[in-house]
C-alpha cells in the first residue's frame, strides 16, 4: 500500500492551555489534530495524577498532529509560542501516512 | 467560648469532616483508594447545581431583600481587596517571590465553594437562617481576586506576566463553576418553591451524603498533594494559611455588619472571605502566571486553609456571627 | 388555545427546560462548563433504567391492555413509514443529497428517549394517566427507521451504501439503549409493584433532578454543536426540523386513535413520532452511511427538533391529545 | 426445604438478580450496552461507603457485642484457612497447575463485598437482624487469603513466585476497598444514629436501586468475560466454583456457631466464606503471581460463584442459618 | 538490551468502527493491539469533543499496533478496507521492540 | 526551530504494576514520564476492555517516556526488570524534542 512521508508531532501540555495550543496550530495551517487524555505523570515540577481532581488546573493532555514534513517548522513555531513559558513537552517522530491528501 | 468549643466538637465528629479525614489518612498512608475524576467532577456539578438552586428558591420565597445589591457590592470589593492583604502578609511572613505571592493571594481573595457548602450545612443543622442570595455573593467573589493578583504582578514589573489575553478574561468570567452557580441560582429564583418541590428529592435529600463522598475525595487529593510537596511550603507559609482566613473572616464580618446581613448571612460572608479557591483560580494561574508554583498555592489552599476552615473556621465564624450580629432573622 | 399557551408557559419555566437553556447559553457563550462523558452516560443509563422499570411496573399494575399488541404494531409501522415522509419532505424543502436526506430521515423515524421522558414528566405533573407499555413502543420505534433509510439509499442506487453487514443488524437491534429499555421494562413487569417499592427511592424520587442535569448536558452538547456547524444547515432544513415533528405527531395521533390509546398514551405516541434520535441512529449512520454529514443530522435532531419538542411540542401534543382523544383513562 | 425453595424463588425474581441477568444476557448477546468504568467505580465506592457506615452506625446503636472480637478472629482464621481447602480441592478436581490453583484459592479465601451487600439486602427485606460489625469481618477477610496463597506457592517451590516486595504488603492491606470499608465503618460508629440520620437519604433510601445498576454492570462484565474465555475453564473447575462456596459456607456456619452470632450474622459469615473476591485479589495476583491466568480465576469468581451465590447460595445460607442458629436476636 | 525492528501503526478511527477494525486486524494475523481513548480533535469534518456525549456516534479512538515489519502490508490492507470510506487517520512509524517473539 | 535527538519509549503495562514501573524509571535517572489511559486491547492473553470494570486488576496503561539517546539502555534495563514476567509491550522510536535540557 502506498504511504507518504509525514511528521508525527506529540505535544504534552497543561489542559488549561490546550485550547490556545490548538488555536495556534489551526492558525499555522495544520489541517487536523487529535487530543488524548492523560492520567498522570512526572517531571521536574513533580508527580501528578488526575485521579479525583475537580479543577482543570492540574493535569495535561497529549495533542497528536500528523503533518506534511514541509510544514513542520511552522507548526513548531506555533506550538513553541504557546508552550514556551509553560509546562509541556514537544516530540517529533518521522512517520508515514495513508491518504496524504488529508494532511 | 464554651459554646464555640462545643460547636467545634460537634462539627469535628460530623460525617462530613470525618470523611475528609478518612481521605487524608488514606492518601497519607498511600492507600490506592481513589475516586474517578469523572465522578468527582460529577459530584461537584451536583453540589454547585443544588446550592445555586436552593439559594435561588430561597430568594423567591423570602423576596429580594434591600440588602441584596449591597451584599453583592461588598462581596465584589472583598474579592478585589483581600489579595492585597494576602500579598503583603506573604511578603512579611515568607520568602516567596512576587509571582508565587501574587498567585497565592489570588486564591485567598477568591472562594472555595465547598467550604461555603459546608458552612450552609452547619447553619442548616443548627436552624440558623441565611439569605439565599449568599450564593450569588459566592459567585461574585470567584473572579475579581484574579484580576487583583494580575494587577499586582503587572505593577511589580515581574517578568513572566503571562498572557493576559482576551481569552483569559472570558475563561475567568465564564468559568464553569460561576456559570453553573449563577445559572442554577436564576433557575431556582424563576421556578421558586414549586420548582424546588419537583427536584427536592434530588438536590436536598441526598445532599449531605454526596458532600461526604466529595470531601472524601478532597481529603484524598489534599493528602496526595501533601505527600508530593517536598518542603516547598515552609512554616511561615503554613502559618499564613491559618492566619489569612482569620483576617479574611474579620473583613467579611465587618462587611456583613455594614450591609446589614442576618447572623447566618454574616457567617457565610465570613466563610467566603476566609476560604481559598482550589478549582477556578488554579486553572487561571496556570495560564496567566505559569511560573508560579502550583505546589505552593495548592498546598496552602487545599492542604492547610481548607481543613482549617472545615474543622475550626466554620464553627468559629458561626459562633462569632451569631454572637456579634444580633437581631432576629 | 389559551390552555395550550398556559401549558406552554408553565412548561417553559420548568426546571427541566431552564436547565437545557442554561446549558445552551453556557455553550454558546463559550463557557468551559462541561459534564464528563462518563457522568452523562451514567445519567442516560439511569434514565433508561428508571423509565423502563416504571413502564413495566405500570403494566404489572394495570394489566396488559388489549391494545398492547396493536400499539406495538402501530409503533413499528410509524417508525418504518416516517422516514419516507421525512425523505420526501427534505427533497422538497432542501438541496441536501440523497445520503444526507436518508440519514436525516432515519433520525426522524426513530425516537429520542429523553423527549419521551420529558413528556411522561409533563403528563405526571398534570396527573394524566398513560399506558406503561408506551415504553415498549418507544423501544420498538428505535430501529426500524434505520432500515427504511438504508432501503431508500439502496433503491436510489447512491454510491457509498456503506457496509450493511450482519454485524450492523445486530448492532442496531441490540443497541445498548434498546436492550436496557426492554430489559428494565421486563424486570419492572416481572417484579411489579413490589419491585418498584424496593427501588422507588432511587428511580422515582430523584428522577426529575437527574433529568435536569441531563438536560443541562444536552444543552451544552447542542450549543457546542451549533457553534461548530458553520452554515451547513440552511433555513429550509431548519424549517424541516420544526415541520417534521408536527407532521410526525399527527401520524402518531392518528395511530393512537385507531389503536384506542388513552389521551396520555396518545400524547406519548405523538411525542415519539415527533421526536428524532440522537443516540442510537447517529452511531448506526457512521457505520452504514459514512458519507452522510453528522453536522447536518445532529444539528437538526439535537439543535432544532429536540428543543422545539421540549418547549412547544410536548405541551402542544398533550393539549391536542387530551382535547381530541376523549374518554376517561 | 419448601421454605428454602420459596425463598429462592422470591429471591430469583428480585430486581437485583434480574438486573444481573439482564447484564449477563446483554453481554452474551453481544449488545454494546456498557456502563462507563468511572460510573461503575463510583457505584462501588458508594456501596462500600454505605455498607460500612450502616454497619458502624448499627454497632453504635446496639453497643459492642462481646462477640465482636471473637467474630473478627474467626473471620481472620477463615480467610487464612479456606485457601488451603480450595487449593487441595482444585488439585483433586482439576488439572490446573500450582500457580493457577493458588491464585484461585486466594480468591475463595477472600470475599466479594457485593455478595455480602446482596445478603444484607435479603436479610433486611425479611426483617432478620444481623450484627453491624459483620462489615468489619468482611474487611478483615479481604487480605489474609492472599498471604496463604503466596505461602502455598512459596512452599511448593514453583517458579515465578513473583515479587513479594514490601510494596505489595502495603497494597494488599491498604487496598482501597478495605480502607473505605473500615473507614466508613468507623465514621458510622463515631457519628452513630445522628450521623446516619443526616445521610440516610443518600446511603439508605437509594441503596437498592444503585445495587441494581451495579449488578447490571457485573452481569455485563461477567458475560463479556465468559465470552472471551475460550474453554480454559473445564467442567471440573466449574463444579469447583459451585462446591467450594458450599464448603466455605459450612465452615462459616461452624465459626458463627462457635462465636455465638445471631442467625442473621451467621448467614452473613456463611456468605462471606462462600464468596470469592473479584476486586482486590485479582489486582494483587497480577503483581504477585503474574503467571497465573486471569481468565481462570475471574471466570470462576465472577462467572460461576458470584451468580451461584446470588441466586441460590444466599437464600440457602439464610435458610440454614435461621433454621440451625436458633435464638432470638 | 537487545531490541528488534518493528512498525508502530496508529489508527485514529471513529468509535463505532473500532470493532470492525480490530476484527480485520486479527484476521490479518495481527497478534495484538491496544486501544487508547481520545478526548477530541479536529479535521476536515470539523472540531469535536467527547465531553458530555452520550452517543457512541461521535468520537474516535486510537488503535496502536506493533508488528513485525514484514507484516505491515497485510495490516495496512486490512486497516484500509475498514477506514477507506470513513473518517480516520493511519500513521506508521519505525520502532524497536523488546521480546520480538510476541509480535 | 532547533530540535534535539531523543528516544520515545512507550511501555504498555498492567495497571497494578504501573507504580513499580515508574519507580524503577525514576531510579534509572529518567527525568519525566507521562501515563496515558488505555481503553482495551488484545494480545496472547485474550481480548479485554476497561468498560464497567471495578477492579484495578484487569487493564493496562501506556507509559510514555522521552529520553536522551544515551540513557536508553539504562531505561530499558529498568523497564525490563519490571515488565519481564508480566504482560506488557515495550517499543522505542527515534524522536526529536524541543528544549533538550529537560530530558
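Note that the chains take the letters A, B, C, D, E and F in the order they are written out, and that residue 1 is the start of every chain.
Everything that follows uses one rule, which is that contacts are C-beta pairs under 8 Å (C-beta built on N, C-alpha and C of every residue); 3 or more make two chains touch, one makes a residue touch a chain.
Just so you know, these numbers come straight off a predicted model, no measurement behind them.
Steps from chain B to chain F, taking the shortest chain of touch contacts, total 2. Most remote chain with respect to chain A, judged by CA-atom centres, is D.
The angle needed to superpose chain B on chain C by their Cα atoms is 120 degrees, rounded to the nearest 5.
Interface chain A/chain E: under half of the residue numbers present appear on both copies, so the contact uses mostly different residues. Centroids built from CA atoms put chain F at 18 Å from chain A.
Between the Cα centres of chain B and chain E there is a gap of 45 Å. Taking each chain's centre as the mean of its C-alpha atoms, chain B lies 40 Å from chain D.
For chain A, the set of residues that touch two or more other chains comprises 36-37, 56, 93-94. For chain C, residues touching at least two other chains, in rising order: 32, 34-39, 41-42, 171, 201, 205-206. Checking each pair of chains for touch leaves A-B, A-E, A-F, B-C, B-D, C-D, C-E, D-F, E-F. Contact residues on chain D toward chain F in their complex (touch as defined above): 34-37, 40-41, 44, 160, 162-163, 167, 171, 217, 220-221, 224, 228-230, 278-287, 290-291, 293-295, 298.
Interface residues of chain E facing chain A in the complex, by the touch rule stated above, are 10, 12, 36-44, 60, 62, 73, 76-77, 79-80, 83, 89-94. Residue ranges of chain D in contact with chain B, taken from their complex: 36-39, 41-42, 45-46, 49, 53, 170-171, 174-177, 179-180, 183-184, 186-187, 190-191, 195, 198-199, 201-203, 205-206. Remark: chain C residues 13-15, 18-19, 22, 25-26, 29-39, 42, 125, 201, 205-210, 212-213, 216 touch chain B in the complex.
In the complex of the two chains, the chain A residues touching chain B come out as 14, 16-17, 19-20, 45-58, 85-87.
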